[in-house]
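Paired with subunit B in one complex and with subunit C in the other, subunit A is shared by the two complexes that follow.
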Partner chain A sequence: MEIQKFYYDNKIVRQFIWATIVWGVVGIIVGLLIALQLAFPVFNLDLSLTSFGRMRPLHTNAIIFAFVGNAIFAGVYYSLQKLLKTRMFNDTLSAINFWGWQLIILLAALSLTLGFTTGKEYAELEWPIDILIAIVWIVFGWNMIGTILVRRVKHIYAAIWWYLATFLGIAMLHVVNSFELPISLFKSYSIYAGAQDAVVQWWYGHNAVAFFLTTPFLGLMYYYLPKAVNRPIYSYKLSIIHFWSLIFLYMWAGPHHLLYQSLPEWAQALGTTFSVMLIAPSWGGMINGFLTLRGAWDKVRDSAALKFFVVALTAYGMATFEGPMMSLKNVNSITHFTDWTIAHVHIAGMGWNGGLTFGMLYWLIPVLFKTKLYSQKLANTHFWIATLAILLYAIPLYWSAVTQWLMWREYTPEGFLAYPNFMETLTQILPMYSIRIIGGTLFLIGFLLMVYNLVKTMTSGVCVANEAAEAPALEKLGPLNPRTETVHRWLERKGIQFSIVAFVVLAIGGAVQIIPMIFIKSNVPTLKTVTPYTPLELAGRDIYIREGCYTCHSQMVRPFRWETDRYGEYSKIGEFVYDHPYQWGSRRTGPDLGRAGNPVGPMYKNTSWHFNHFMDPQKMNEKSIMPKYAWLMVRGIDTSVIPRKIRAMQTLGVPYAEGYDAKALTDMEAQAKKIAEELKTAGIEVKPDREIIAIIAYIHKLGRDISPAAVPAPAATEKSNK
Partner chain B sequence: MTTDKYNVTEEDPGYGDGPVMDIEDHEYDEIKELDNPPPGWIMAVFYLTIGISILYGAYYFWLRVGDQQEAEYAKSVEKARLKYQKEQPAGELTLLTDAASLAAGKDIYTAMNCATCHGQNAEGNVIGPNLTDNYWLHGCKFEEVFNLVKNGFPTKGMTAFKAQLPDEKIRQVASYVISLKGSNPTGGKAPQGDPCE
Partner chain C sequence: MNIFYLLIGVSLLVALVFLGLFIWAVKSGQYDDYDTPPYRILFDDDTVKENSEQEQKTDQ
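Here is the complex of A and B:
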């Protein structure tokens, strides 16, 4: 057998490690900033660029795509070469993957801060960046599959199955969810509307969690855990079973983000049942990890890397049990719209993704730099600080979730809401937000300790950019031989066939939900009274999206008495058919706005109230944590794009009359003038071309169309003074 | 244990409970893979959750025993109506003047944030009118004030409080507002509406 010489590319691994560290610090600092903003609104700095609605997407994107993304690439680029005994397929592709990804992150940070956003959670980036992501992601997959094809090892190991599923899953999710109609370089509209958009978005959102935060990390776990503890993987069979069941079932479970909302009941039931069925496949990974550690617990005591792996597996097990529980409709009524979900994702994010990344770095960097970890003691300190930080972060939020939920639904003995003023339920949980800040600060301190430790380690060793290695050439592989190998074993030596089978398995779950939602009319019953947005309201809606109001406000009244008493009639599917994109929200930090425009509902406020509130919410409610939006009074509505917006909406099927784009501006000015005059009677002088006029118009549209004819209550119309 | 498919050797590296099955040719970058069966309980959980899911589907969509969310909501509303009908006696709706009731009214004024629209001392602000003068937009009789707080005048910006406050509490806060007449707070807004009587 011929022994071949080759060189591992360590430089690309080192580059991704640095990116992981740098973006990790940035992402956590932004996280800390928004935690401060929720407890003390002064930290919004009264600037559009730094206000919560823009910083929150920056935080989630920075952590998920920048920190975790680079960690995935670092882990994959190292382990793939080792497992396949070859250099990465092509150095140029590796470089494009690295620099392309960093460029995406920079553009993302810039554009989110400036307010360029699609308004779809975790998919906020605008279309040019979406295209860039697709290109770089395909480069990553191409490089990976290329490497698989030039390998020197007969079979591809379990870790790589997960890497492949990651590549295929994200490619599919990203492309389908990003179908949008651009109207300019910085603005596009989702081609899906309302409930359809919601289904696609949460198919994406849920599976971004699966295929960006779960499958790649299971792959990393299958490589780095047995390496670090030097023990064999416990069960090959379990690997197979939980791999295929997990990637198949996950894709169905997205609607569990939309329970009790305006979604057909069958779709909700898929969300519930497929989440419940995911318990065992998810736990398969945890079990294989823990059983790999068995008999080696003495090593765990001494090694910070292993300790982080144990925390990661524990957090993973907790989160993947909690998730299915949150998918039960009755439990979901507590966890949805409250801080429960925030606690849940931080157990998973800080514990599982953080823990695994930290463990990997503590093991990998000494290996890569051929040295010893600078300080095991410091690493252990990091471990304890991080663990405490996770608890201090999550426990207050669980507490806050239950407290607020109980208050929302509490009735007096006479049958009235006990806390009809939303602010009372918010003030009650604000102390919890202060404790969370301590948790976040500790996590940052731990992270910085790690950075110091790792930098010291790196400077004490050398990383050989191109490390020489040798391995026997791969002998020719024959066709499937049913006498000597199982079909799966055969698949394991066929990279392309493996990918095709995985792709089909992945595609089913999405197709089953998305196709009927889009093509079967009965799934979206329309309402006659619902009319398209006027040009002014549309402009206001785009401001709502730009400012990220959906990060704090829902527009989705669920069919619970305690919600309809507080907000008004529950939301119907047909109300949202002109919503590109939908804006149902996922956390109710402020009250639901879905009925804010129903003039006979309990939520209605007049124009001058809204004006004063946007200028300074704390003047209206001393304890409000809503940012001030004074710049809406300064900025003018961008009228030049209005006709284009109307035409785009027409393309998407919104029934504006033929040629309405030419009339739109006149209509807009007339409506704006009316609102400005209304404000004038209250003594407020504001030019009708200001953005604040548009956003008030939009707020007054919400729920107006389904309000039972807007007639004032009779008692208030007559008077008998004289 | 041997099979034709794998050449499986039995060995115990001395750290496990029970035998550990090594599979030949399952070694990747020095990571070995063992051929242990998955723990029975996790497979049991898997089959159980599949069974539960099938029952769940049958319960709601095939047997149609379970209520879908709209039916569930309608039932809860009806149940509440029947329950609270008994507990919401019509009560007397007349002006209150005793100190305790007025104090209660003042608390409601604070708790319900009337001040954001009418000012801290009901002196009025850019949104709502002065409630302490002798001028009224919607009438100064007790029932008129009561009804206005209860049903609001949403198009003019006055919230309807009927969903949030029981009649008794509306009675207290309305009485409190009426008691403020002539209190002359600083910064009082210019009168709106017509004088009383």
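Here is the complex of A and C:
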């Protein structure tokens, strides 16, 4: 057998490690900032650039795509070469993957801060960045599959199956969810509307969790845990079973984010059913990880890396049990819209993704730099601080969730809401937000200790950029030979065929849920009284999206007495047919706004109240934690794009009359003038072309169309409905 | 609620298909010999000593 010499590319691994560390610090600091903002609104700094609605997407994107993303690449680029005994397929592709991804992160940070957002959670980035992501992601997949094709090892180890599923899953999710119609370089509209948009978005959102935060990390676990403990994975059979079942089941679970909401019952039931089934494959991974440590727990005592792996597996087991429980409708009525979800994702994010990344770095960096970890003691300190931080973060939020939910649904003996003022239920949980800040601060301190420890380790060793290695050439592989190998064994040596089968398995869940939602009319019953947004309301809606209002306010009244008493009539699917994108929200830090425009409803506030509230929420309500939006008074509505917006909406099927784009501006000015006059009678001087006018118009549209006292909609849109 | 009749039927069908697949997998020996791959990844004897870039440079 011919022995071939080749060089491992360690430089690319080192680059991704540095990026992981740098973006990790940034992501956690932004997280700390928004935690401070929730407890002390002064930290919004009264600037548009730093207000909560813009910083929160920045935090989630920075942690998921920057910190975790780079950790995935670092882990994959190292283990893939080692497992396949070859250099990465192509150095240029590796470089494009690295620099392209960092460019995306910088553009994301910049654009989210400036308010360029699609308004879809975890998919906020605007269309040019979406295209860039797709390109860089395909480069990553191309490089990975290329490496598989030039490998020197016949067998494709389990870790790599997960990497392949990650590539395929994210590629599919990202492309389908990002179908949007651009109206300018920085603005686009989701081609899906309302409930359809919601089902696609949560198919994506839930599976971004699956295929960005779970499958790649399971792959990393399958490589780094056995390596760090120097034991083979407990059960290879289990890894096969839980791989195929996990990638199949996950794709169905998205609708559990939309329980009790405006979604057909069949879709909700599917989401719940498959979420419960997901316990099995998820725990398969956890069990496989834990049992790999059997007989080696003494090593855990001595190694910080292994301790972090144990935290990661524990957090994974907890979160994947909790998730299915939260997908039961009765439990979901508690956890949805409260802080329970926030606690849940942080157990997973800090524990599973954080823990596994920390463990991997503590093991990998000494190996890569051919040295010893600078301080095992410091790493152990990091472990204790981080574990305590997770507890101090999550427990207060679970507490807060239950407290707030109990208060929302509390009735007096006379049959009235005990806490009709939403603010009371928020003030009650604010102390929990302060404890959460302590948890977050500790997590950051632990992270900084790790950075110091790792930098010291790196400087004490040498990372050979191109490390020479030898391995026998790969023998010629023939077709499937049923006598010497099984079907799965054959698949394990056929990267392309494996990927095709995995893709088919992945695609089923989404297809079953999304295709009927889009093509079967009865799934989205329309309401006659619901009219499209007027041009001014549409402009206001875009401001609502830009400021990230959906990060704190829902627009979805669930069919519970305690919600309909507080907000008004429960939300109907037909109300949202013109919503590109939908804005149902996922956390009610502030009250639901879905009925804010119903003039006879309990949520209605008049024009001057909204004006004063936007200018200074604390003036209207001393204990409010909403940021001030003074810039809405300064900035003028961008009128130049209004006709284009109307045409875009027409393209997407919103029934404005033919040629309405030409008249839109006149209508907009008339409606704006009316609102300005209303404000004038209340003694407020404001020019009708200010953004604040538009956003008030939008809020007064919410729920107006289905209210019994429905105000006749402005003429132009009424005509178009005929 | 009628959807549940369909769902139960579909679920049972899916479960049966998977049960069948599982039985087939065991019977056809898909799970035989899964000892070697997990062990193989633990051996990192591929890097060569006279290897590093510096060495390469001194060679030239």
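As a convention for this text, the second predicted complex is superposed on the first by the 709 of 722 C-alpha atoms of A that agree within 3 Å, B and C clash if a C-alpha of one lies under 4 Å from a C-alpha of the other, contacts with A are read in each partner's own complex, and residues count from 1 in each chain.
Please note the rule applied: a contact is a pair of C-beta atoms (placed from the backbone, for glycine too) under 8 Å apart; a residue touches a chain by one contact, two chains touch by 3 or more.
Note that this is a predicted model, so its numbers are computed, not measured.
Colleague: Clash or fit: subunit B and subunit C on subunit A?
Modeller: Partners clash after overlay.
Colleague: Check the residue A:479 against both partner chains and state whether it touches subunit B (first), subunit C (second), both, or neither.
Modeller: In the superposed model, A:479 contacts neither subunit B nor subunit C.
Colleague: Can A:467 be said to touch subunit B (first), subunit C (second), both, or neither?
Modeller: Touch partner of A:467: subunit C, not subunit B.
Colleague: Does the superposition put A:565 against subunit B (first), subunit C (second), both, or neither?
Modeller: first
Colleague: Which partner does A:8 reach: the first (subunit B), the second (subunit C), both, or neither?
Modeller: After superposition on chain A, A:8 lies in contact with subunit C alone.
Colleague: For A:281, is the partner it touches subunit B (first), subunit C (second), both, or none of the two (neither)?
Modeller: first
Colleague: Please indicate which partner A:604 is in contact with in the superposed arrangement: first for subunit B, second for subunit C, both, or neither.
Modeller: In the superposed model, A:604 contacts subunit B only, not subunit C.
Colleague: Check whether A:233 is in contact with subunit B, with subunit C, with both or with neither, and answer first, second, both or neither.
Modeller: both
Colleague: Identify the partner contact of A:488: answer first if only subunit B is touched, second if only subunit C is, both if each is, neither if none is.
Modeller: second
Colleague: Could you figure out whether subunit B or subunit C reaches more residues of subunit A?
Modeller: Answer, by number of touched residues of subunit A: B.
Colleague: Answer with first, second, both or neither: which of subunit B and subunit C does A:269 touch in the superposed model?
Modeller: both
Colleague: Between 22-30, 76-84 or 94-102, which run of subunit B pushes into subunit C after the superposition?
Modeller: That would be 22-30, the only stretch with clashing C-alpha atoms.
Colleague: In the superposed view, which residues of subunit A touch subunit B and also subunit C?
Modeller: 82-83, 85, 153, 155, 157-158, 223, 226-227, 231-233, 235-237, 265-266, 269, 273, 486, 489
Colleague: Spell out the part of subunit A that touches subunit B in their complex, as residue ranges.
Modeller: Residue list for subunit A touching subunit B: 79, 82-83, 85, 153-155, 157-158, 223, 226-227, 231-239, 241, 245, 260, 265-266, 269, 272-274, 276-277, 279-281, 283-284, 287, 291, 294-296, 329, 412-417, 420-421, 423-424, 483-486, 489, 559-561, 564-566, 570, 599-602, 604-609, 612, 620-621, 682-684, 710, 712-716, 718-722.
Colleague: Which of the residues in subunit A come into contact with subunit C in the complex?
Modeller: 5, 8, 82-83, 85, 153, 155, 157-158, 223, 226-227, 230-233, 235-237, 240, 265-266, 269-270, 273, 464-471, 486-489, 492
Colleague: Taking the complex as given, what residues does subunit B use to touch subunit A?
Modeller: So the residues of subunit B touching subunit A come out as 4-5, 14-17, 20, 22-23, 25-26, 28-39, 42-43, 45-46, 49-50, 52-53, 56-57, 60-61, 68-70, 72-73, 76-77, 80, 83-84, 87-88, 111-113, 116-117, 126-127, 136-141, 144, 147-148, 150-161, 163-166, 168, 193-197.
Colleague: Give every residue of subunit C touching subunit A within the complex, in rising order.
Modeller: Subunit C residues touching subunit A: 1, 3-4, 7, 11, 25, 28-32, 34-42, 44, 46-48, 50-53, 56.
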